[in-house]
Amino acid sequence: MSGHTELSDDEYDELLEPMAKELSAMARWVAETKQRVVVVFEGRDTAGKGGSIDMFARLLNPRQCRVVALPSPNERERTQWYFQRYVQHLPAEGEIVLFDRSWYNRAGVERVMGFCTPEQAQDFLNVVPDFERHLVEDGILFFKYWLCCDQEVQEERFENRLHNPMKRWKLSPIDLKARGKYTEYTDAREMMLSATHTDYAPWTLVDFNDQPLGRLTLLRDLLDRVPDTELPLAEIPWPPLGHEPHKERYGVLQPIPAYKVHKGKHGKH
Amino acid sequence: MSGHTELSDDEYDELLEPMAKELSAMARWVAETKQRVVVVFEGRDTAGKGGSIDMFARLLNPRQCRVVALPSPNERERTQWYFQRYVQHLPAEGEIVLFDRSWYNRAGVERVMGFCTPEQAQDFLNVVPDFERHLVEDGILFFKYWLCCDQEVQEERFENRLHNPMKRWKLSPIDLKARGKYTEYTDAREMMLSATHTDYAPWTLVDFNDQPLGRLTLLRDLLDRVPDTELPLAEIPWPPLGHEPHKERYGVLQPIPAYKVHKGKHGKH
Amino acid sequence: MSGHTELSDDEYDELLEPMAKELSAMARWVAETKQRVVVVFEGRDTAGKGGSIDMFARLLNPRQCRVVALPSPNERERTQWYFQRYVQHLPAEGEIVLFDRSWYNRAGVERVMGFCTPEQAQDFLNVVPDFERHLVEDGILFFKYWLCCDQEVQEERFENRLHNPMKRWKLSPIDLKARGKYTEYTDAREMMLSATHTDYAPWTLVDFNDQPLGRLTLLRDLLDRVPDTELPLAEIPWPPLGHEPHKERYGVLQPIPAYKVHKGKHGKH
Amino acid sequence: MSGHTELSDDEYDELLEPMAKELSAMARWVAETKQRVVVVFEGRDTAGKGGSIDMFARLLNPRQCRVVALPSPNERERTQWYFQRYVQHLPAEGEIVLFDRSWYNRAGVERVMGFCTPEQAQDFLNVVPDFERHLVEDGILFFKYWLCCDQEVQEERFENRLHNPMKRWKLSPIDLKARGKYTEYTDAREMMLSATHTDYAPWTLVDFNDQPLGRLTLLRDLLDRVPDTELPLAEIPWPPLGHEPHKERYGVLQPIPAYKVHKGKHGKH
């Protein structure tokens, strides 16, 4: 019923740690067995897509794991095949691609905000199952998450973005208009689920009224869906250096002075 | 003299917060006044480039701030003009681009590890000042940081990567070979500084033996180098919803059960 | 039964001219009514794909009409979804894209030469009809031509490439191996036709034993398949210059001397 | 003094042929010795850039020789470093890139038509010599041609585009406005030549009042500028087929009927 979490930071960290290790092992397995992974993150504005993606991205090698967050299509892209600009970001072997929003924009924000016609949205929904089937049959490991939250929580988070200068960038003009369309988004989601929740590419809904709990839930679910990924760490020979470690030695330029920490000021922590 | 920080998490957070706000204001200024920003992160292996970039990336809008971490060049790229694959990632207006390593690879890892000839490295150093001058004269706000650390600290961090499965991906085969080349890297850096530390594109060295302190130092320096960026937050009208907030309502699919938190287990925190 | 044409150059030009005008009108219609056009050129080696594409390309605005002739996939592309690297070249509105070979490589050269497994070729054939249906349903005007020729003709043309230094580049190492696989290519084509000759994306076979005649046949067919494309030319006001036309005037640099034509030497023509 | 050529088609073909062979040999040399070649085509509207580029493109392997004819920059590109969108098209080894207009747009059409400020044009001219020097020092073989013609000839060609439906696409709205700016274009060219005609990247002006003669002149000049490129053709074993050549054999689909040629109608040729 509220956006506040029931978990303390320490509790969260302690719960995350073993799953982080599993995720890390999964990524190694993806690399070594040359899998391709796509995770689609969709959901209610403010639900927590960005934070969830960050959770993954911080734990993974950025050269293996890419976040795809496309800007609005430009004039030319707007006239191309709808899937065209997404397709080019699909993973090569060993890669994990996280879509921060995706082709499902058409079934969500575009439909609700009138950026496409209802016919275009329906045509899209008709095509998606085929499109995703091709990806899955091609061997891509494909996961779709929709992050849910109640409007009360959404409103709180919007207001937080409004009043917190550091989060203001998260508040887009579309958010303002979307505030009043909560139920339209619900309806659009239900149509989307009806049309695109398939055996081979099922949706998973995750409650993000409590964001940290939502992230743990999502991560646990993903780890459970991926087949056994246990691989031993490679043995790496690690001989001693054989000499005293060197110190930095500066010629042309010196490091700048360190930021001045006034211990007293923070002593109370 | 060690990789451990003198700062507690809380101290770090408290010190970071006001600078995070400044950075956020800077990003708004970049967007509204249509600046283009490039920050190059170079430095010793394990010094903390990735963590520094994360600090920025977490605080900024991913649609405004891009991290460019290019993989090794492919066969075809290897034969192109050396700057070619970097140039295409330069920012458009309003954008901030963080280079996680950069064209300076040629003066560092490529030179030291023998991936280019000494002549190629020297040719590169001869060209860079011109290249960067063009960017700066074109109006790009351009910053270059080199992150320093002693070998003792580096060794600790390498071993941590070796033994921590979650960090193993950070340990590349090149790292293994590079361990023994600490002084060669120093020499290469000094040649690089001599050739490319210019008025219009100066290097800043930051001591990263203490990583959190290094990050704060780097961020403070960057904020100080950017001209006054104070802009008022736009007024955004925020009328009341006008109805009770809606709850999520599920038809086709229910959210999966939340991850089971055993409070007792973590009660001690 | 031979590669020689029954048409003189003048006859060919005279036959081409009215169709060239129609093609030109079609291109104007494509631009003004914002169509998207894809033409796939496949066929026997040496049949005349390149010459056919040239016929189009010379008559059309290069900013409207693009030729897509992809090189072999690189290491990374080889592991991506098979259609991925083709999809990014699909047309935006007003554009005509000519594919010089296409995704059908998998059903032809890749299958015959063993660059993919028979299973991969079959999987490909299973997916293609869906893939093309999506493009057609999206409104793309989509045409597929397969250019035929007898082996006797093919051999003549191969030998011409072998002996003519200007055409030697057309003779690839694969051609050498493919010489002996004429019937395997036939079989592969038949399987391809069975699987991918659909109502919405039919194949058209054109006999290219006589190349100029083949080109005229192909062009006539394409023009007949496109709906009525007659649009009046825009009126463009064209006032007189209002002064004597200027001559070139050179300051910094003079034109180089014209190539010396020895009329006598060519007088007999 | 006129746009008409002094050369008959046969004369032109006869003159072109030996140079076409040389060009072909040059391309082979470029491929085998891994050169990179850039040819910039600039010049008066209607002078004959397109036809010159076609002459090259028809004679060369499209997988080796690319034509780069960029559309107007989009909104985002307009704010990037001016050279950015050109740089990504520079050649890899073995490649020949023909620029149909180039970065010099800024010194020509953009300056004359007011699409950039005089300061931007001047800044551009200041940077170009450095930029091109870097390419040349990097080993790129770099050629710049400016195609000249008198206004009388230009007017004839404009009118031909106006009245010939097949050439109408060549008549852009900018052409209409540019008609009256012949001398401004001359002035802009002279400033450009003063600033960018360098030892390492010299301009070559070619008179294109007679287009076929202009093309021969340009091609001769280019061939003379490239170092000795004679390489023997590789020996390719060419055993006999060993069986009667196969005929096409059709199952699923028959070729369409050939275009009906009414010989009588063209008998006079």
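Annotations
Letters A, B, C and D mark the chains as written, and numbering starts fresh at 1 in each.
One rule holds for everything that comes next: contacts are C-beta pairs under 8 Å (C-beta built on N, C-alpha and C of every residue); 3 or more make two chains touch, one makes a residue touch a chain.
Computed from a prediction, not measured in an experiment: that's the story for all the values here.
Fewest steps needed to get from chain B to chain C, stepping only to touching chains, is 1.
Between the contact lists of chain A and chain C, the overlap consists of B, D. In terms of C-beta pairs in contact, C-D outnumbers the other of C-D and A-D. Look at the CA centroids: the one farthest from the centroid of chain B belongs to C. Rounded to whole angstrom, the centroid-to-centroid distance between chain B and chain D, based on C-alpha atoms, equals 42 Å.
With centres defined as mean CA coordinates, chain D is found 20 Å away from chain C. Rounded to a whole number, the gap between the C-alpha centres of chain A and chain D is 46 angstrom.
In chain D, the residues that reach two or more other chains under the touch definition are 76.
For chain B in complex with chain A, the residues that touch the partner chain are 6-8, 10-11, 14-15, 20-21, 24-25, 27-28, 50, 54, 58-64, 67, 69, 71, 100, 148-152, 154-155, 159, 162, 165-166, 168-171, 176, 179-180, 182-183, 186, 190, 193-194, 197, 203-207, 210, 213-214, 216-217, 220-221, 233, 236, 238, 241, 245-259, 261, 266, 269.
Listing the residues of chain C that touch chain B in their complex gives 74-76.
Those residues of chain C that touch chain A in the shared complex are 34, 36, 76-77, 79-84, 87-88, 90-94, 123, 127, 130-131, 134-135, 137-138, 140.
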